[in-house]
Amino acid sequence: MRGSLENVVVEGVSRFLVPFIQIFALYVITHGHYGPGGGFQGGVILAASIMLLRLSLGEEYEHRRFSPTLATVVAAVGILIYAVAGLLPLAWGGNFLDYAYLPIPGLSAAELRYHGILIVETGVGLVVWGTLVILFDHLMGSEP
Amino acid sequence: MSHLPVLIPVTLLFSAFIILLGGFLKRDLAFMIALIGGSLSFVFSALGLWAVISGGGLRYHLGGWVPPVGIEYALDALSAFMSTVVTLVGTLVLLYSRRSILQEVPERFVPMYALAMLLLAGLTGIIVTADLFNLFVFLEIASLSAYALMAVGDERAPVASFRYLILGSIAGSFYVLGVGFLYFSTGSLNMADVAQRLPNLYGSRAIVAAATLIFIALGLKMALFPLHLWLPDAYSYAPSAVTGLIAPIMTKVAAYAVIRMFLTVFQPHYLLDVLPLMPVIGWFAAAGIFYGSIMAIAQTDFRRMLAYSSISQIAYIGLGIGLANPMGLIGALLHILNHAFMKACLFLVAGNIRFRTGQWEVSRLAGLGRKMPWTMAAFTVSALSMIGIPPAAGFFSKWYLLLGSVDAGNWIFVATILLSSLLTAVYFFRVLEQVYMRHSQEETVPVNAADPPASMLFPTVLLGAGVLVLGLSNNLIVSSILDVVVMSLK
Amino acid sequence: MDSLIVDYNYLMTASLLVIGLYGMVGKRNLLKKVIGLNIFQTAIFLFFIQGATKPGATVPVWDVRISGEAAGYINPLPHVLILTAIVVSVATTGVALALLMTIYRRYRTLEEGTLLERMKQSP
Amino acid sequence: MSRVLESYFAMAPLGAVLVSLVAAILIMLSSRSPNLRETWTILAALCKFAVVISMLPAVLSGLHPGITLFDIAPGVALALKADPLGLSFALSASLLWIFTSLYSIGYMRALKEHNQTRYFASFAVCLSATMGIAFAANLLTFLIFYEMLTIATYPLVIHAESAPAVSAGRKYLAFLLSGGVALLLAIGLTQMMAGTLNFAAGGFLSGTIGQAPLLTLFVLFLVGVGTKAALIPLHSWLPAAMIAPTPVSALLHAVAVVKAGVFGFARVTGFVFGPALAADIGATTLTAVAASATILIASLLAMAQDNLKHRLAYSTVAHLSYIILGTALLAPAAWLGGLFYIAAHAAMKITLFFCAGAIYVKTGRENVSELDGIGKQMPLTMAAFAIGALGLAGLPLVGGFISKWFLFQGAVESGQLMLLAALLPSGLLSAAYLFPIVTRAFFKSSNDFNKFDDAPPLMVIPLLSTAALALLLGIYPDGIFHFYSLCFAAVMSVLKGVVF
C-alpha cells in the first residue's frame, strides 16, 4: 500500500470526495451537543478522509501535506482545548468540566453549558483525528 | 482543596499531552514535564490524604452533575492512601528513568514519557473514581499504555506484550460485561448507589454473574495465580525503567480495585456469606504464594526471578483480601505499600545492574557488592524486607497477615506465610551470596562497573531507605489510615 | 432458560461471545486472535445496546410529540458507555496491530508455533 | 534520683544499642584507614561497656531503667528495659567485646585477612543486636533484634568466602531463619492468646488457655530459640559455622549468638510463661529431657572431634544446655545456676576459643592431635586454656563450679534426681575431652615446639584477661561486676512465689 495507485479514477474520486467528507465531519462535530454526533464520530470521519488520501495519493506525497508530526500536534492541541475548557471552571468556582462556570460574559448557565460542550467536542474531535492518523501512520510505516 | 480528587489524574493526563508538544521543542523537556506532573500529582494525593485523615472523605461531581446521573470521583482513606503510594513510587521511578531510557531506547524517549504519564493517569483514575464504568475506562487507559510501554523492550518484548494485550483485553471485556449485569440489575453505575441497591438483589443470578466476571477480570489484571501467565514474560522483556514503573504499582492498583469491589460495591456480607468468592481468592492466593516462590527459585535470570517473586508477593495481598478480617485486610493494604517500595527498589537495582553490566544472569553478578556498594546496599535491605526480617517493612505486613490467619483459625494460611518466607530467603540469599561472597571472575562483570549516576542511584537508595522507614512507622500508617479503611469489617 | 429462548438476541450475543473467546484462545494465528478480540468486544457492545431498548421507544433526542415522557425514549446511557467502549476497543486494536507489525517485521511470521521456534533460535 | 539521672537511665539501654550501630557506620566510612577503623571498634566497645555498667547500681537497687520508643504494631511498642536478667547478659557480652576487639585486631592483622571492614562492621552490628536482645522489653522487640543478629552474623560466618564457608553459611541461614519463623509464629500466637507481648517477671500467659495450646506454643518457642541455642537436634549449624575466623567463633558462638538463644529461653520461661505455668503444662519435663539429652550427646560427640574448634563447638552445644536445663526447673537454685552460667560459661569458653585462635595464628595448626608439646612454645596461652578447661569440667575456683553447684542443688530441690544422671557424667566428659589437650601440650614433647614464642600481645593479653575473669567468677562470684547479685535479683523476680 505504499506509494500512489497511479490510477486516475481513484485519485480523482478521492480528491473530489475528501472535501465533502471533511465538511460532513465538521457537521457531525458541531451538531454533537444537541443531536446525534459529536467529537468522537466527527474525528473518526476526519481521520478517514486523511487515510483515504494517504491510500490513494501515496504516503510520500501525503506526508508533505499532513505530516505525522502535524497529526501529533493536532492531537495535543485538541487535548489542550479540552483541558482549558475543563480546568477554567475550577478557577471560577465550579467543578471540573462544569461549563456553567466558564468565564464568558453575557451568557446564562444553560447557554454556557451548551457552548461549553461544543468547545470540548471540538477538542475531542481534534484528538481523535490526530490520534487515528498517528495510529494509521504507525501501522503503515515501514519502520517504527 | 475540594478539587483534589479530580486534579490527581487530570494533572497526569494533561501532562502526557503537554509532553508530546514539549518533546518537539527539546527532548529533555519531556522528562522535566513528566517529573513536574508526577510530583504535582503526588502533592495533590498527599494533600488529599491529609484532608481525608483530618476531615473525612472528599466527593467530587464531574461537571457539577450529581450522581447517579454524573460521574463521581471520591477520595476516602483507602483511595487517598493508594493514590499517594502510586504517585510517590511512580514519580521516583520517573526520576530514575531518564538515564536508563537514554541508554536502552533513546529513540523512543518522548513517547515513553507520554505513555508513562498516561499509565499513571489511568492508575490514579482507577483509584479515585467512584463510577464503575469510569473505572473500566481508566483501566483500559492504563493497560493500553502498559502494552505499548512494554513492547519497546528487547527482541521478544512485543510478543510478551501481545500476550498481555490479549489476556488484558479479555479481562477488560469481562469487567465491562460484569458491570453491564450490575447496571441492568440496579440501574446505576455509581459505586455507592449500586451498593445501596444491591442488598435487595442478593438472590439474583445476574449479580452472581456480575461478581464472578468482575473478580475474574480483576484477578487477571492483578496477576493472581492462576491468572498470572502474562506477567513473567512481560516483566522480563520490557525496558528496565518500564518494569520499574509497572511492576510495583500496576498489579497493586488491580488489587485495590478488588478491595474496592469487596468493601464498597458488593459489601463483605455478600462476598463472604451469599457468594463466598473471598475464600476462593484466599486459597488461590495461598497456592500462588508457593507457586511464585518455587518458580522464582528456579530462575537464573535476576529479573525473571523478581517477576516470579512478584507473583508470590501479590498473592500475599490476595491472601489478606481473602481472609477478609480486619487484620488480614490491614496486612494486604500494608503489603501493597511495602511491596510497592520493595519491588520498585529491586527492579531499579536490576536496572542499575543492566545499566552497568548489560546483563542479569544471577551467576554473573559475582563481586558486584564491592563495585556497586550503594545499589547493593539498597538491594540487601529490600531483599531482607522481602524475606520478612524485622524491622524492614516486609516483616510487618507478614505480621498482620499472620495475625489475620491465626484470627481466622486458618492454619494452612499460617503455614503458607511462614514457609514462603523461607522460600523467599532461598532465592534472595542465593543472589546476595553471589553479589557479596563470590569474587568476580574475569569477563563476567565489566571492570569499570560502578554505582550508576546520581539520578538513578538516588531513587534506588531512597526506596531502600524507605523500606526501613516504612517498617518503623508502620503502626502510624495502620492506626491513622488503614484502621479507618477496615472499619466496616469490624 | 426461558428468557434465553424468548430473548433470542441474548442467545446470539452469547454465541458471539463464545466465538470471540474461541478466536482469542483457540486460534494459533495472532491476527486471528485480534479478530477474535474484536468479535468478543462487539458482542459486549451488543449486549449493552440490547439492554437499552424499550418496546416502542425511540432515539433519545428531544421530540415534541413525546415531550418529557421518559418511557418514550430508549435509555441513552448504555449507548454513551458503548461509544466510549468502542473507542477503547479501537485503541486496543490499534495497539494490537502495531504490535503485530513489529512482531512480523522481526520474525516474519504470525503463526504462534513458528513464532515460538524462531524466538528460541534468536535469543 | 535527680531528673538528669533519670533521663540518662531512660536513654541508657537505647544508647547501649546505638553505640555500636553508629560505630558500624563509622567503621564502614573509615575503611581506607585501618587504624582509625580499629580505633572506632575499641572506642565503641569501651563506650558500650561504660554505658552498660553505669546502669548496674540502679538495677541492683531495684530500678528497671528503660524507654518506650513508639508503637511498632498496634499495642506493641518498640521498648527497651534493663532488668537484672538482661543486664547480666548485656554486661557479659559488652565486657567480652572489649577483649574480643583487641584480640580481633591482633588476629586479623596477623593473618592479613581480607575484607576487614566488613568484618568489624558486622561485628559491631552483632553487638548492637545482642544489646537489643538483652534489653528488649517485649517479644516483638526481642524478635526484631533476634533476626537482626541472625542476619548480621551471616557475613561473619562466611567471611572466608570459600566454598565450605558458603555452604556453612547456607546451613546457618537455613537453621536460624527457620528458627526465626518458628519464633515469629509463636509470638503471633502469643499476641492472639494473651493480647500483649510485654515481658513480665513470672510470666503473663494464663493457664486458662488450656494445656494443649500452651504446650504447642512452648514447643514453638523452644524451637525458635533452641536453634540459636544449638539444642540437639537443631545444633548442626554451630560446628559448621566454626569455619568463621576464631574471634567470631569466640564471641558469637560462645557469647552473643548462642547465648542469645539461651537468654531467649530464660525470657520465655521466666517472663512469658512463668516457671510455675511451664511446670504445670509439662513443658519443663520436656525441656529437661531435651537438654539432658543434648548435654550427653554433644559431650560424646565432642570427644570424637580432632579439630580443636569443632571440639569446642560441641562442648558449647553441651554446656549451653546447662543453662536451658537450669531455667527449665522450678527451683530457685537451678535458675541461679543457669543464669550465672551465662556469664561464667562465656568467660571460660571465650578463653578456650581465644587460645585456639592464638595457636592457629602462631602455628597454623587446627587439630588436637598436632598439639603435642605446644606448651613449651606458648605457655601463657596454654595456661589460660587449662583454666578454661578446668572451669568447664566444673572444678572449684573457676566460674563453672558455682553454677554446677547450684544446678545440682536445684535438681535435688525440684526432685528431678534423674537429671543428676546427666549432670554428673557431663562434667567428667568435659574433662575427658578437654584435659588431654592440656596434658598433650605440657607433658608430651615434640620437636616442633622448642623455644618460647607465644602469640602477639594483642592476642595473649585478652585471653589472659578472660581467663582471669573466669577465675574471678569462681573465687568471688559477686566481684567487681556483680554478676551474682544480678542473677540473684533476676531469680528473685521470676520466682517470687516460690520459697527459696
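As written, the chain order gives the labels A, B, C and D, with residue 1 at the start of each chain.
One rule holds in what follows: a residue touches a chain if its C-beta (ideal position, glycine included) is under 8 Å from a C-beta of that chain, and two chains touch if they have at least 3 such contacts.
Keep in mind it's a predicted model, so treat the numbers as computed, not measured.
Relative to the centroid of every protein C-alpha atom shown, the closest chain centre, again from C-alpha atoms, is found for B. Placing every chain at the mean of its C-alpha atoms, the farthest one from subunit A is found to be D. In terms of C-beta pairs in contact, the better-connected of the chain pairs A-B and B-D is B-D. A straight line joining the Cα centres of subunit A and subunit B is 35 Å long. Taking each chain's centre as the mean of its C-alpha atoms, subunit B lies 44 Å from subunit D.
Centroid to centroid, with C-alpha atoms defining each point, subunit B and subunit C lie 28 Å apart. Each chain gets a centre from the mean of its Cα atoms; for subunit A and subunit D, those two points are 78 Å apart. Shared interface positions of subunit A, i.e. residues touching 2 or more other chains, are not present. Residue numbers of subunit C whose C-beta contacts span two or more other chains: 91, 98, 102. Pairs of chains that satisfy the touch definition comprise A-B, A-C, B-C, B-D.
Residues 17, 21, 24, 30, 33, 37, 40-41, 44, 47-48, 51, 77-78, 81, 84-85, 88, 91-92, 95-96, 98-100, 102-103, 106, 115, 119, 122-123 of subunit C are the ones touching subunit B in the complex.
The part of subunit A that touches subunit B in the complex is made up of residues 69, 72-73, 75-76, 79-80, 83, 86-87, 90, 94-101. Residue ranges on subunit B touching subunit C, taken from their complex, read 133, 136-137, 140, 144, 147-148, 151, 155-156, 158-159, 161-162, 165-166, 169-170, 172-173, 176-177, 180, 183-184, 189.
Subunit B makes touch with subunit A in their complex at residues 3, 6-7, 10, 14, 17-18, 20-21, 24, 60-64. Residues 70-74, 78, 140, 143-144, 147-148, 150-151, 155, 158, 161, 165-166, 169-170, 173, 177-178, 180-181, 184-185, 188-189, 191-192 of subunit D are the ones touching subunit B in the complex.
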